[in-house]
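The first chain written gets the first letter, and so on, giving A, B, C and D; residue counts start at 1 in each chain.
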Amino acid sequence: MLENAWLIPLFPLLSFLLLLFFGKQWKEMSSHVGIGFTGVSFLLSVIVLFTQMANGSGGAEMVWLTIGQLEFRFGVVVTPLNALMLVIVSLVSFLVHIYSKGYMHSDERLTTFYSYLGLFTFAMLALVISPNLLQLYIFWELVGVGSFLLIGFYFYKEEAKAAAKKAFIMTRIGDVGLLIGMILLFWQVGSLEFNDIFTAVGGGEVPEGLLTLIAILIFVGAVGKSGQFPLHTWLPDAMEGPTPVSALIHAATMVAAGVYLVAALFPVFEASPAAMTVVAVVGGFTAIFAATIGLVQTDIKRVLAYSTVSQLGYMMMALGAAGYVAGVFHLMTHAFFKALLFLAAGSVIHAVHNQNIEKMGGLWTKMRITGPVFLIGTLAISGVPLFSGFFSKDEILLATWYDGRYGLFIIGLVAAFFTAFYMFRLFFMVFTGEHRSEVTEVRESPRSMTIPMVVLAFLAAFSGYINTPWFGTFLGDWLAGDSEFLPFEHHEGPVWVMMAASLIAFAGIGLAYLIYYKKSLQRDFLSSHMPATYTLVFNKYFIDEFYQYTVEYAARAVGYLGSFIEKYIVEVIVAAVSGVTRAAGSLGSKLQSGQVQTYGAIAFIGLAILVFLVVWTGGYL
Amino acid sequence: MSGELFAFLVLALLAILGGILMLNLTKVIHMLLSLVLTFLAIAGLYVLLSAEFVAIAQVLIYSGAITIIMIFGIMLTRHNDTQKTKGNRTRNMVVGAGVVLFFFTMYFSINQVSFGDQATSLHVENTKQIGIELYSKYIIPFELMSVVLLVSLVGAIILAKRDDEEEAEQK
Amino acid sequence: MMDWLTLMIFSPLIGILILSVQSAERKTVSLTGILATVLPLLLSLVVYAQFHGGGNLGVSHGWINFGGGMFQANYELGIDGFSLLLILLTTIVSTLSASVAAAQIKQGLKAYFLWFLILEIGMLGVFTAENLILFFIFFEITLVPMFFLIGRWGFVEREKAAYSFLIYNGLGSAILLILFAAIFAKTGTTNIEELKAIMASSEAVSEEFRYGSMLALLVAFGVKLPIVPLHTWMVRVHVHAPIAVVMIHAGILLKIGAYGLINFGLGIFGDQFAKVAPFIAILGLINLLYGAFLAFVQNELKSVFAYSSVSHMGIVLLGVAAMNEAGIQGAIFQTLSHGLIAALLFLLVGIIHQRTHTTKLSSLGGLAKRMPLAAGFLLAAAMASLGLPGMSGFVSEFMAFLGLFETMPWIAAIGTLGIIMTAVYILRAVLGVTYGKTIKAFTGMYDLTRIEMIPAAALLALIVLIGIYPAIITHTLQLTLESIMPGIGG
Amino acid sequence: MSAIPVNAYLLLALVLFCIGLFGALTKKNTVIVLISIELMLNAVNINLVAFSKYGINPGITGQIFSLFTITVAAAEAAVGLAILIALYRNRSTVQIDEMNTMKH
């Protein structure tokens, strides 16, 4: 079965192609096509997962491109990590397909939407089963396109256009880093197969300094894709896309691809302590940085987006602190609860036709399903004990603690506090208090939307139990057990870490409760007491503006400089050359006056010069 | 200073003087007459070079015939014509420079020429020698030359003759 | 044995004959014109089959002979993998361009097709000639029809464009002629294979002469490629020539530069080429970045794509300068892939121009609403152009950079900036046109018709095919690379 | 032996030739141009005659050649004048710079 794992991405591709070519005729039917094909993929993924568990890893390959002696291959490989990712991706994608049927039912471009979803799912599934870096890179870019197309789905909106462009370009900057790292690695190792790379790196064939450089460059790719600082600005803007897309791409799958990349190449990173530090620090910084921005945003999707950035930073921090299992574990739980949150947010937006949380409120009673599932997601992400996020977060904190990165450990705790606070702020503002929406008649969403949410809520609540300090570390053993390159020892954590994490979470929730539910504390505490800080945070630290005034204007300036050179130097030189020729020509035609004497004079002077030259040189030229 | 050298110097100076006058005088007829001086001086030089026949021919043809023809030419076209002073100054300068360049180049080569021998018998019956050569060795060029003369005669008449039709029109 | 190559090169003559006796009625003329380009297409497929069937396609007849047999210029044709691919590109793009011309050229269609078919003879000849003299003749044959095609059927500044085309290319071909004459005088042969052998072994040809020749080749083909700062003519042509001609021009004629550089520069003067490779790499870098930054600030769709051609040709130079198999293969791939992509881009620009009568970025927008198919194709072409994996552009960029990183990592690292810039300017232009608010000024816009779909779909299909399955090209290219690589001691 | 070296004659001839050349190229009156050409021919004749006396192969041939030259010069003068008169009749000028019909 494992060598036929290539079938999994094939079905979404088929869905994409069929809808692209015949979608026009099918109209409403197209959603069923998309759902059906993705469902098949999901089933196959589950089968692959169990086959892998039973029989171990496997795969198949063929030659794709030959350059002289060099060969590049294409194929599939199923390792525990890949199998896990397959299931996560196909499951979330399947659920989002179903959800979209309800959410997008009134959109006339439903077919296009489903075909794009198919394309993205195809690329994402193919990405996670790549046996080599080149193939990974190829699909890495393709998921970028899928994301680009879906962000720009409402193409007639200027914001959507700008956001799509920004997303593509920002991730491209990261991709170039990945490309350079990949090529450098290739010339060191002579192959891009993961196994060859790990063997070479493990054997110390790559010089230390270069390895660090390569690892950091690859990490730059992950930074771009996963919205890490400083390439994070595209991710909140990407919320211009339809909400199911945000759930699928910008929460659960594609943005996690960066984390997946680091995880998949973990041996490379592990061989370079400097690179690990970079990963950990960037991750940690992003985690807290994005969390602070999330505290003050008022757009429901943007809060979730910054929360995503922050959580991805968390995962990176875990990986950088050698917490391989912790990172992947959090990736999985996060995929579930964040997809859930987005879908629930989408459900809310669907109901109130607004994204501003100031204009919501009191929806708990009106949306009897959305409310509770949102609460579950919020609890999970806040790290409230017994929900999935609690276990994975705990794992991360333990990893940083054991790695001796106490600074990051503290950052992790603070970020967890912020997370709990802003998530509950969101929850309280949306679902409690009085009704502030302009839409009076708020209805619960149709069943096609609620069922996926319920499934995800279930997972968000319970998926943590596959790797707990109490019931065994099944996931960790499985993920790391198979590979000779991955070290894994489970840390029997000090209990106080877990306690601290829980306390922090409750503290955050409590604060949010006091401010937004009880209203016993001033809401505008920050904006009134520290207006400068508030403005800074509310405007996302002015990073967008910073980029605009530096990078964009610089590029534009170089461009104008170039066209200046073109117009006033290149063209002038050309004009000068042609002018000289023209002048010579007009001089010649002026001499052509019809006056015999002039002709004679010229002929004579020519002759005189020739004779002079002959005499001068003694008759030998 | 031998008499020969003296004669050469005088004649050469006269010839050059005639040329320079030709360049600098303003009236066309004067220019022409100054050249007669040059031609005559050249004839004298021919005598110095033991070429009496050529000298006579020079006097007859150049100083006589050609000059007269030219004078006719002047009279038939425009009398008292003067050389226009305004010429193309740049062109004159350029041509002058070219001429000077040419002069010095040739001067440089001439200086290096030296031939040892000197013909001795040229002045003895000069005309007879020429006659014998002309009618024996150079008979064909000589006859051809007569053809040239004939053709030029006919050609000159035809060119100079007024076109009949044109004349008719003008009348 | 059939002389397939000669047959193929001169097969457009049949079309020319028929056209010249036929009535000037529009329908018949366009039908004949298109069919006349289909004939070489079929023949090139035959040639392809023969090439892979191991048939011997080389042709050699005595032709010019003087100096008592000392100097011989024979009528010699032959192909290798690279030229075969270029021939296929030529015949395919020609047919598509002819179909576009039939739809878009308003007047003088008959004369247009006559020139066009002559042009096709020239292009096919350039890629098959095995002899410098013959090459030069075919090279010149391409110039004259282009001049008239631009000058008569172009847009506003067509005459200026035609003249600058002629002047620059005339200059290039003058240099070429002098060079060929010098080589002829020095070696007594103009056969490319013989020259390769002579240059590889003989001591008779001085090192200075080789360097001089190599640089002359660089300039002559650099005009064609074009290398910055010899590119201004090309931008002008792209902006002002009729779209069908630009398809040919960007798709094929520019490739003559790359072909000449790789086939002659690398093939004949390999050692010297290797020594100046860093210099060429820097030229390529300048091309790549200069074109990209300029494309970023253009206000006109055609200019953007014109500068993008400059930029993409920089990758060809970079690949060649890498002097290893990956790089050269990348350069060749880029040559072919850009041929297809540029043809597609300009085809779509032509269609947009036909509907809206403008290509100004400021007055276009939101085309995806009214013309979803055209916008979709444009977006796909843009994605191909910026090197999206799964399309041909990625394979070539990847290989070129792969090669360059082995030999000149720093230049390659700077060059990757070009990859980012490509995304930036392409998206700026294409999204500006297709996305955003719909501009109401254009009424009566309609989407691609079925007839227009065919060339666009065909090109896109080829682009995707090469991107997904590059082996389709590599297995034709293998032999060529094997013959080039020993020449540079690689 | 003569006291006069051949160089002296050659130099004289050169000077006259240059004068004639300058005149032929700069003078405006056609008659003067013609006569300047005659002067150049004369300078050549001096050379011929001088070589006939002092040349490598001295002999009468040089003089004979000069005679031919004189003849041709005469013929040239006659034809030249005829052309001049014909021109004058058509354009009523003898200024050479007004004769530029070759331009058109």
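One rule holds in what follows: a contact is a pair of C-beta atoms (placed from the backbone, for glycine too) under 8 Å apart; a residue touches a chain by one contact, two chains touch by 3 or more.
Nothing here was measured: the structure is a model prediction, and the numbers come from that model.
Visitor: Over the chains that touch one another, what is the least number of steps taking chain A to chain C?
Guide: Steps on the shortest route: 1.
Visitor: Taking every chain's C-alpha mean, which one sits closest to the mean of all protein C-alpha atoms?
Guide: Nearest to the common C-alpha centre lies chain C.
Visitor: Whole-Å distance, chain C centre to chain D centre, using C-alpha means?
Guide: Inter-chain centre distance comes to 64 Å.
Visitor: Hey, how far is the Cα centre of chain A from the one of chain D, in Å?
Guide: From the centre of chain A to the centre of chain D is 95 Å.
Visitor: I'd like to verify one number: the distance from the centre of chain B to the centre of chain D, where each centre is the average of its C-alpha atoms, in whole angstrom.
Guide: 5
Visitor: Distance between chain B and chain C based on Cα centroids, please, to the nearest Å.
Guide: Comparing mean C-alpha positions, chain C is 69 Å from chain B.
Visitor: Two-or-more-chain contact residues of chain B, please, as numbers and ranges.
Guide: If we look for residues of chain B contacting two or more partner chains, we find 91, 95, 99, 102, 106.
Visitor: For chain C, write out the residues touching at least two other chains, lowest number first.
Guide: Residue numbers touching two or more other chains: none in chain C.
Visitor: For chain A, which residues are shared contacts with two or more other chains?
Guide: Chain A, residues with two or more chain partners: 597, 601, 604.
Visitor: Pairwise, which chains touch?
Guide: Applying the touch rule to all chain pairs gives A-B, A-C, A-D, B-D.
Visitor: Would you pull the chain A residues touching chain C in the complex into a rising list?
Guide: Chain A reaches chain C through residues 63-70, 134, 137-139, 141-142, 145, 152, 155-156, 158, 160-161, 164-165, 168-169, 172-173, 176, 179-180, 183-184, 186-187, 555-556, 558-563, 566, 570-571, 573-574, 578.
Visitor: Touching chain A in the complex: which residues of chain B?
Guide: 91, 94-95, 98-99, 101-102, 105-106, 108-109
Visitor: Can you name the residues of chain A that touch chain D in the complex?
Guide: 592-597, 600-601, 604
Visitor: Looking at the complex, which residues from chain C come into contact with chain A?
Guide: 167, 228-229, 232, 290, 293-294, 296-298, 325-326, 329, 366, 368-369, 383, 388-390, 394-395, 398-399, 401-402, 405-406, 409, 412-413, 416-417, 419-421, 423-424, 427-428, 431, 434-438, 470-471, 474, 478, 481, 485
Visitor: Where on chain B does chain D make contact in their complex?
Guide: Result: residues 2, 4-5, 8, 12, 15-16, 19-20, 22-23, 28, 31-32, 35, 38-39, 42, 45-46, 48-51, 53-54, 57-58, 61-62, 65-66, 69-70, 72-74, 76-78, 81, 83-84, 87-88, 91-92, 95-96, 99, 102-103, 106-107, 110-111, 113-115, 117-119, 122, 126, 129-130, 133-134, 138, 141, 145, 148-149, 151-153, 155-160, 162 of chain B touch chain D.
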